[in-house]
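Chain nomenclature is as follows: A, B and C, assigned in order of appearance, with residue numbering initiated at 1 for each chain independently.
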Amino acid sequence: MPAYSTNMRLKFPIVALLLEIITICLYAVFVTYDVGHGHSSAHHGSKNETESNPVALYPMFQDVHVMIFIGFGFLMTFLKRYGFSSVGLNLLLAAFGLQWGLLLQNIWHMEDGKIRVSITSMINADFSTATVLISFGAVLGKTSPVQLLIMTLLEITIFSLNEHVVVELLEASDVGASMTIHAFGAYFGLAVARMLYRPGLRNGHDNEGSVYHSDLFAMIGTVYLWMFWPSFNSAIAETVPEQLTAIINTYFSLAACALAAYATSSLVEKKGKLDMVHIQNATLAGGVAVGTCADMNIAPFGAMLIGVTAGIISTLGFKFLTPILASNLGIQDTCGVHNLHGMPGILGGLAGIIAAALGRKSGISPGIQAAALASSLGFALVGGAITGLLLKLPFWGQPPDQNCFDDSLYWEVPEEEEPSESLTHTDHSKNKAEA
Amino acid sequence: MPAYSTNMRLKFPIVALLLEIITICLYAVFVTYDVGHGHSSAHHGSKNETESNPVALYPMFQDVHVMIFIGFGFLMTFLKRYGFSSVGLNLLLAAFGLQWGLLLQNIWHMEDGKIRVSITSMINADFSTATVLISFGAVLGKTSPVQLLIMTLLEITIFSLNEHVVVELLEASDVGASMTIHAFGAYFGLAVARMLYRPGLRNGHDNEGSVYHSDLFAMIGTVYLWMFWPSFNSAIAETVPEQLTAIINTYFSLAACALAAYATSSLVEKKGKLDMVHIQNATLAGGVAVGTCADMNIAPFGAMLIGVTAGIISTLGFKFLTPILASNLGIQDTCGVHNLHGMPGILGGLAGIIAAALGRKSGISPGIQAAALASSLGFALVGGAITGLLLKLPFWGQPPDQNCFDDSLYWEVPEEEEPSESLTHTDHSKNKAEA
Amino acid sequence: MPAYSTNMRLKFPIVALLLEIITICLYAVFVTYDVGHGHSSAHHGSKNETESNPVALYPMFQDVHVMIFIGFGFLMTFLKRYGFSSVGLNLLLAAFGLQWGLLLQNIWHMEDGKIRVSITSMINADFSTATVLISFGAVLGKTSPVQLLIMTLLEITIFSLNEHVVVELLEASDVGASMTIHAFGAYFGLAVARMLYRPGLRNGHDNEGSVYHSDLFAMIGTVYLWMFWPSFNSAIAETVPEQLTAIINTYFSLAACALAAYATSSLVEKKGKLDMVHIQNATLAGGVAVGTCADMNIAPFGAMLIGVTAGIISTLGFKFLTPILASNLGIQDTCGVHNLHGMPGILGGLAGIIAAALGRKSGISPGIQAAALASSLGFALVGGAITGLLLKLPFWGQPPDQNCFDDSLYWEVPEEEEPSESLTHTDHSKNKAEA
């Protein structure tokens, strides 16, 4: 395939090492520990013993860490031949992204020219990588590691800009980041996917599907995301009571969402069977959608209503909207991030606007919340489109159509010779003998 | 198969949505946050900083959460073609069960007509689902999702009754719930399994076995249960020293149990080989059996003796008792919950009686402990029998014998076309050509 | 194979039960709870609220626990037919090792003739098993369960001796145990492997490789080790600020190491492809290498430089050194522990010497640090050689060459009959019919 050069021999190591060296140089100048220093964060108020102990948030950090590296990584292993890339590139991108995110998120509030690292800034750095991993889902199987590193660099930069606008300038409320992470990451990724549209994949691809065990690997990702989402939505809450509220709301939203996703999946499938794609993804939409108002006084049943709505919308999106996006709009969304992060993220933003209008949290207004949602979508679509155009340049090693969704282009893949196979081979020899 | 209607097109979504809607309505009326309010729990005394911080137990809650959703879910993926149902229905049942359990467990102590949700009540809600997941193990592969939702509804209701009797009326001690969760869940499930006895499966079923990789998936469940069991047994201990005692006792009981399970497995198998069924299950019996007296002053070596006994009994149960139960009593126990939860649960209750007699914890008596064990077994057997009779009604979509242990009845299952397979297909074409 | 007796029928259960019974007897005499008693540990100073709450370190303990049982266990499941042994024997050895380690580590500082168990001593007990699991990696697939139990007994005993020398006598600093665990475990295992050299495996073995899904199982281990390494390196730090420093340094070292490992893997492989062996292992070398100076004021960029160096060295080791060790020195290192734990462990020791010389932590000296490194290597090589000689005795059930890397020698392994297979069989019958 002459139009593409997928050989990574020099491009990939050079890009990866160059990014790491630049990052280390910036860290040498700007980054130090937040030790014995009070708190670098802008949090004031009542986080009493949690605040006074600088490692109190560490267990929550680790939950978020598991979501980023196991949750997102394994969720994408559902493809039959793309598991190495899913979990492996997820690790690579997040490892670079967290270093880059920590820099970009904190250049706005340095003290004495220094960024002071605390558990809170590590949580936020992990958060920033989530946007990239969501966008990764949209272009999964159709991009090279070099393209993805470039996307990580650009997306986290643009994310940090939008986050600064939403949190610092607008002072909107988005504790679980429905808008700034989920909607942003999804629409950024969809814009990139649109720019990288592949007509050759219009009729699908042999490898764009799962096998039995790859679906089980993906469930590891699903279940970890589902379990630890309360940590994601509550980790950076400003006070302990708000943190507890965010935990409880997310717990119930996800539980209700699961029931809705199962019911809807059965309702829309032939013979009422359940579809693993729905279960792997739509059960999580409640965590996304309750994000913005997780720390608000919406009552447990309010959280459950949000969860049920998200579960239904998300499942219907997978069933009916994803095919339309692909065929009519040229948006090929491998993992269906529009259904898991896009629409539920907007739903979360809207729920925040309503909650603000109903006075469910002091100091927020529906107009500001709406502006935050608009800002997130705007930065995502424009930023994603520009990034996608850049990634179209022919020297990033983008795979040709026929090698999409296939690990063997970028990985040494072991020959298959399972116990079952050797049996089969025996049979074959017999066959041949008989033939 | 005219006697059965396994089509879930309407039954399953209607039942699931109906249960969720009813639950949301009840939550709207009864459930609120336990924020800034002192503590809803009945705990008094010395849980000092843990008590004063309402999220202090959150890491323990997450450990229990992982046991429920990863531990139980993946433990049951050992069956070669039933992994989707194992981990998927586990998620569904626990997601509904925790909502229902939180209601039922707390109607006994509402304040101002409200149930106040705290981390402790979330832990207890997760606990209540464990009973269902244990019973699920007994009937795994032989029940429809609708049957299982009905069982969840009924079992958690009956569990809450028994828990009220044991904890509030008898004031028995059962911190790790050997009696109220493990023995209860096992004998409830066995009673259901007895009622749903299938003569057609007397000689086994082609799908009732594992393959190499399904056994590895199951080990994910085993290892998580094994690791986090100290959290299960200590999460709701009343004081910090008792919590520490429960952690230590469970840690050592499980370690000793593992050695005993491995040794016994090798001893009873041909040529001394280890059997994955034993390793996946009997290594955990020490966590079950030490539950009741985990917070008591039984000394580490006492915990280890309990663990060794449980590991031996459990392994022997798998080897010798399970086949007898199936052939002589008509109790087909798919996962062998009698060996992992039933007998070790009773052992735990007995150990509690002995520890009470020896004065290992103040304020408990052997008679009361014995009454608690009897109550748990009674509620389980009677409740399970009634539930099993209800589940026999012909309209719940129960699978016919030949479709047992098979995901494809209720799930869209991907066609198998692994890398290995496509190799095989290539070989086949060659074969054909040669032929 | 007359020279070997691999039958475990009596040997294995007797050894396992005997070890457990002796352990329980020793516990009955020596071990009690550290409850309501101040702190058994030697820590003084400022671990303020963490110190005053005896379960404050419990979440860190559980992270370490996950590294030991899931991390090490699944990391070794990469072999196509040795997954049961990898995760199963990992559990067995660690379960015995932690009981033995807790005894051996604490006989040096008993109070009133008693060892008092706390969360800190449980963390240290888990740590002691890590040495065995590292050595297990060197001999993976070539040893019997009985041999491994004996190795566990001896290695932990020798480890405790060296730890006493390094920590108590030399008072060297090694918070993340680069020297006392990683270098020690690796060189101990390599010495054992040298003694058990198998000329018959010079040209490799059919089963010494991975299949697609076994590599994904191994990634579960990798990612958990990668995520929780900050807990490993910080769990026993003396003060909260040092603990925070260790968390931050490890976080950044690992992130930078991942980039370096990916880049180097691509650089040294044909066509720039990534190699799963490198990704599974070398991405973790940064956690090993930053261990000794994790709690020192080396600045985040210093940690990143250590991580990058470790990632490069480790990957190059897998590519170039491992084959030389096997062919020229007779050291057959199944998992390449020399590259993940050996060289990075020494690198960590050297970094500690340099950091001491630069005054990055008060109260430590480069000479003492160098002595600690020398002591760890000396105990490891001599102890490992003696242990290896003992394990060569012909009655431990060592597997013959042709049965290496094969679960079926010690485990009941299910016949392969996956969904894919039955399809294949159908095809075969068709084939036969056509033929």
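Note that in this section a contact is a pair of C-beta atoms (placed from the backbone, for glycine too) under 8 Å apart; a residue touches a chain by one contact, two chains touch by 3 or more.
Remember, it's a predicted structure, so these values are computed and weren't measured experimentally.
*Asks:* Could you report, rounded to a multiple of 5°, the rotation needed to superpose chain A's C-alpha atoms on chain B?
*Replies:* Rotating chain A by 120 degrees superposes it on chain B.
*Asks:* So chain B and chain C: same face meeting same face, with over half the numbers shared, or different?
*Replies:* Different, since most residue numbers here occur in only one copy.
*Asks:* Give, as an integer number of Å, the spacing between the C-alpha centres of chain C and chain B.
*Replies:* Comparing mean C-alpha positions, chain C is 32 Å from chain B.
*Asks:* Would you pick out the residues of chain A that each touch at least 2 other chains?
*Replies:* Residues 49, 59, 81, 211-213, 220, 413, 416-420, 424, 431, 435 of chain A each touch two or more of the other chains.
*Asks:* Hey, which residues of chain A end up touching chain C in the complex?
*Replies:* 7-14, 16-17, 19-20, 23-25, 27-28, 31-36, 49, 52-55, 58-59, 62, 65-66, 69-70, 73-74, 77, 81, 83-84, 87-88, 91-92, 95-96, 98-99, 117-119, 122, 145, 211-213, 217, 220, 410-414, 416-420, 423-424, 427, 431, 434-435
*Asks:* Residue numbers of chain C touching chain A in their complex, please.
*Replies:* Touching chain A: residues 48-50, 59-60, 63, 80-81, 209-213, 215-216, 219-220, 223-224, 226-228, 231, 240-241, 243-245, 247-248, 251-252, 254-256, 258-260, 262-264, 266-267, 269, 271-276, 279, 283, 297, 299-301, 304-305, 308, 413, 416-421, 424-425, 428, 431-432, 435 of chain C.
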